[in-house]
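Each chain gets a letter, A, B, C and D, in the order it is written, and its residues are counted from 1.
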Amino acid sequence: MVKLDFNIGDLNFKNPVLTASGTFGYGSEFDDFLDVSRLGGIIVKGTTLEPREGNAYPRMAETPSGMLNSVGLQNKGIDYFERNIYPKLSQYKTNVIVNINGSSIDDYVALAERINDLDHIPAIELNISCPNVKMGGMVFGTNPASTREVTKAVRAVCLKKLIVKLSPNVTNIVEFANIVQEEGADAISLINTLLGIAVDIHKMKPSLSTVTGGLSGPAIKPVALRMVWQVARAVKIPVIGIGGIMNAEDAIEFLLAGASAIQVGTASFIDPQTSVKILEGIESYLVNKGFNDIEDIIGFINKPC
Amino acid sequence: MVKLDFNIGDLNFKNPVLTASGTFGYGSEFDDFLDVSRLGGIIVKGTTLEPREGNAYPRMAETPSGMLNSVGLQNKGIDYFERNIYPKLSQYKTNVIVNINGSSIDDYVALAERINDLDHIPAIELNISCPNVKMGGMVFGTNPASTREVTKAVRAVCLKKLIVKLSPNVTNIVEFANIVQEEGADAISLINTLLGIAVDIHKMKPSLSTVTGGLSGPAIKPVALRMVWQVARAVKIPVIGIGGIMNAEDAIEFLLAGASAIQVGTASFIDPQTSVKILEGIESYLVNKGFNDIEDIIGFINKPC
Amino acid sequence: MAKRIESLQIIENKHLNNDFFIIELKGNGQIPEMKPGQFVQVKVDGSPGTFLRRPFSIHDVNYDRNTYKLLVQIVGKGTETLSKLKKGDSLNTIYPLGNSFSLPGKGQRPLLVGGGCGIAPLLFLGKYLKKNGYDPDILLGFRSRDRIIEYNEYIELGEVFLTTEDGSRGEKGLVTEHPLLSSSRYDMIYCCGPDPMMKAVAKFSIEHKINCEVSLENLMGCGIGACLCCIVETVKGNLCTCTDGPVFNTNDLKW
Amino acid sequence: MAKRIESLQIIENKHLNNDFFIIELKGNGQIPEMKPGQFVQVKVDGSPGTFLRRPFSIHDVNYDRNTYKLLVQIVGKGTETLSKLKKGDSLNTIYPLGNSFSLPGKGQRPLLVGGGCGIAPLLFLGKYLKKNGYDPDILLGFRSRDRIIEYNEYIELGEVFLTTEDGSRGEKGLVTEHPLLSSSRYDMIYCCGPDPMMKAVAKFSIEHKINCEVSLENLMGCGIGACLCCIVETVKGNLCTCTDGPVFNTNDLKW
């Protein structure tokens, strides 16, 4: 038996395969396809204080080896979440993490406080990197001072493990990673989507109603891997790698580059079973390579050879 | 007949299809496949004062819809260029532009001065965005102050048209565009490659000798389009779009987003005739859509509809 | 009705003309019960430009043969790649997805209106209506005589009325111009086709207070309610075409 | 010898075993003169993971039939996709690329050494040597008896010596362990195969002062000297495998 678990502080994850916010609904959308409880954890849909309708249609465009989305955090708000979704989520035997979003620091703080009360949510993912909302989102995550401020404020109230999700749309990702580590984040997840656009040349219009959207999928994998590698070498807290992970090989690239765990995003749209297949693939890789603890391969490419 | 030409200052380009530095050699590599003189212009290989051997092998990795390279500006230096390559280049009946690179501002200035003497080179492309050299390169292009300094210094001596090529690895591309415009650039080209990595999970090593490399190809198109769109709305000088352009449809996306011209990069590796096919494709598009001047579609997606 | 993901064997790929083809897929185990209006998400292999799955309505189901069919129009790279699949090839599908058409009230008269690849869900629906004791009339629009497909299949379900844009067969014009519509003999209209057609039919239905269901197309990221990309604005807010639809009552749409 | 880019028709795709196949391509117009050691860059359609072209040596040329062949080993997605191509399909190729093997001096005795897909360029080379009046001996290494391919083709060119790793045919071991090599009967060795094999042969040649040319493999971005990705370190500095090679004299390599 290969040892696959990892910890964020004293919070144990049975394996390093999580699912990325906004791409796995609330888990139940996938119940027909896999046993969600097998996963290391799931990060549920981006949640806000008030309900949000998100952006106008069209919100999606296909691009080479990727997609753009500008969903814009459509969700029913924390009240609805607590009443109608949380009870179902509590059934899963895995770490259920809520991705929180706000237009102001007060929003983030209020959400973190609300989640303090939810026993079955052991951690929050602070999303300061959503490119698809006018207020908040990426505005926080691309400015060092705001990143510090929001992380500090949330840390001050948050009784759960705090994961901060970074935006890749910055010059120096390590600067942001250091800031959130300094302000007490328990882990860092990255990357969120790259800001991109697509143009419909027949209609001569942007493909998305919002013009810009977030690029996800295999297209962004090399950039995601680079940032994970940079951040993992710089910080002491665990790093969760995200970006274009379609299969076990991709996931292993992230582990070798320094990620302690990974999140499966867009891939779940194409094959809803991707996450469990990755879990199995990582296990066979370790067996084949003769490792019995996943820890042994984390950041392996940094070892002198 | 559709009007396809455009100007950078008083320098006329017969059409908007150029080839990107480092992907089209010195043109002659493509003589067997197309008539280079049909193109609007070619930007030749990145050139430095002294000869450079570039980075160690391996320097290339394939990624989803793209490739990473860490060639690192291998070239024989400006002396060799002037003696052995320039004479051949002068035969082409198109604008031949030299992409200049340095480790210091003095290098850039010296190169610009050398090129002042070359009658058949009407413009230089100032590359402050190469991610594959330790000194100079992207270090200039990701720091606003250095960007200003190097542009100012080169502008002061450069008698040719000055195109500045921006790095996409920044938080706010518009800031850099504004700086180079303020310092007297005649045009802006973007994007250079995105910094990325790939990992060989069998060898458990980075795929490139340098670990990080530059990501090019269709994978980066949405990001390139977004930056071109942002910059074209912000500046008055012409913008040349680069990034993942594989065919006429892609090129037209850039024109609609605000680029006055485009450069074909990685695509030339896969089909050396891509550039002329794009030229023909743009022409048919304009005819089909009933435009008789390419000018009419530049930045079209910004028009209120 | 649990959703499943399966690689199914193609037992036939029949080309109807240059634009349309029908793929018949055989279930691995027993295929599940499916409802008219539901769709499948197909993975297109070997088409580098086709990153996401492609949605297609369930065109026909044969529980005895343990097969179901997709009627596909070639409109881009994905559908073109699918058109080249051969008997024996396999196709990875997620199915059955989405809601379904509702039955008319007791004794009510249904009309099916379709055009282009919009006729796809109507065959399955027509058969379902017949099985449940209804006598649907069918109004189909095509560009011209030689574009008519599946006529023989529909004629078995009820009376078929045709329009062609060039008048080469049936009434000349669009389906919405066919006198049948204004005859207002119907209590329930089911429509699937290009957006402008559905909007025109919806307008007509609302004006004449006829119940009307349309099957909407949309860009789909996932097909299972996870991405929220496929929204349609309704009086109940933004709903997902893939889970709240693809079938919508026109009263709920903001058309 | 101008390079060209052409979509060529496949007139045969012959599978030798699970790993190797030979594609024969027919020229559109008259195929140009090609030289042994040269290669082609093939565009692999329908394989999303295969973004760049793939290089393959010219295995055989038949100017009368106006065709040339590629011998391909399935090692990844690109080659697997190629393996499925059928007679009548077309394949976009850029060719002929690179330099070529040089002829031995007058009266010199050549030996060809190959293993794995490295035997690909040696057939064309062997024929070329014969045509030019040389009598090559041929030493081929395989994993085992049932992995031996193209034996009948090589036997026509000269005496063939075999090694298998498991000893099931010919000498047991690697080609470099074959007594033939140390017999030092040869004035010129041509070698193509896995890197360790070429390095071993190169070492032997240098020690015995035998002229030796190897055909190198490399990751190629373009195949035409434009990208500078395919460098090999030589005593003359970084050279491109695609234009300065793929054939190199081992004296020039930093092995």
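In the analysis below, a contact is a pair of C-beta atoms (placed from the backbone, for glycine too) under 8 Å apart; a residue touches a chain by one contact, two chains touch by 3 or more.
Since the structure is predicted, the reported quantities are computational estimates derived from the model, not experimental observations.
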Problem set entry | Graph separation of subunit C and subunit D (steps between touching chains) | 1
Exercise. In this assembly, which chains make contact with subunit B and also with subunit C?
Worked result: A, D
Problem set entry | Chain whose average C-alpha position is farthest from subunit A's own | D
Seminar exercise, completed: Cα centre of subunit A to Cα centre of subunit C, whole Å, reads 36
Problem set entry | Whole-Å gap separating subunit A and subunit B, where each centre is the average of the chain's CA atoms | 34
Exercise. Measuring from the mean C-alpha position of subunit A to the mean C-alpha position of subunit D, what distance in angstrom results?
Worked result: 47
Problem set entry | Touching two or more other chains - residues of subunit A | 63-66, 217
Exercise. Which subunit D residues sit where two or more other chains touch them?
Worked result: 48
Exercise. Which of line, ring, star, complete and other names the graph you get from chains that touch?
Worked result: ring
Seminar exercise, completed: A full list of chain pairs that touch reads A-B, A-C, B-D, C-D
For this session: Note which residues of subunit B are touching subunit D in the complex, please.
Result: 22-25, 29-30, 32-33, 53-54, 57-67, 69, 71, 74, 217, 266, 268-273
For this session: Sort out for me which residues of subunit C touch subunit A in the complex.
Result: 2-5, 43, 48-53, 94, 219-233, 237-238
Exercise. Residues of subunit B touching subunit A in their complex?
Worked result: 63-66, 68, 142, 169-172, 194-199, 201, 204-206, 211-212, 215, 217-223, 225-226, 229, 244, 249, 252-253, 256-257, 285, 289, 297, 300-301, 305
For this session: Provide the residue numbers of subunit D that touch subunit C in the complex, in ascending order.
Result: 46-48, 81
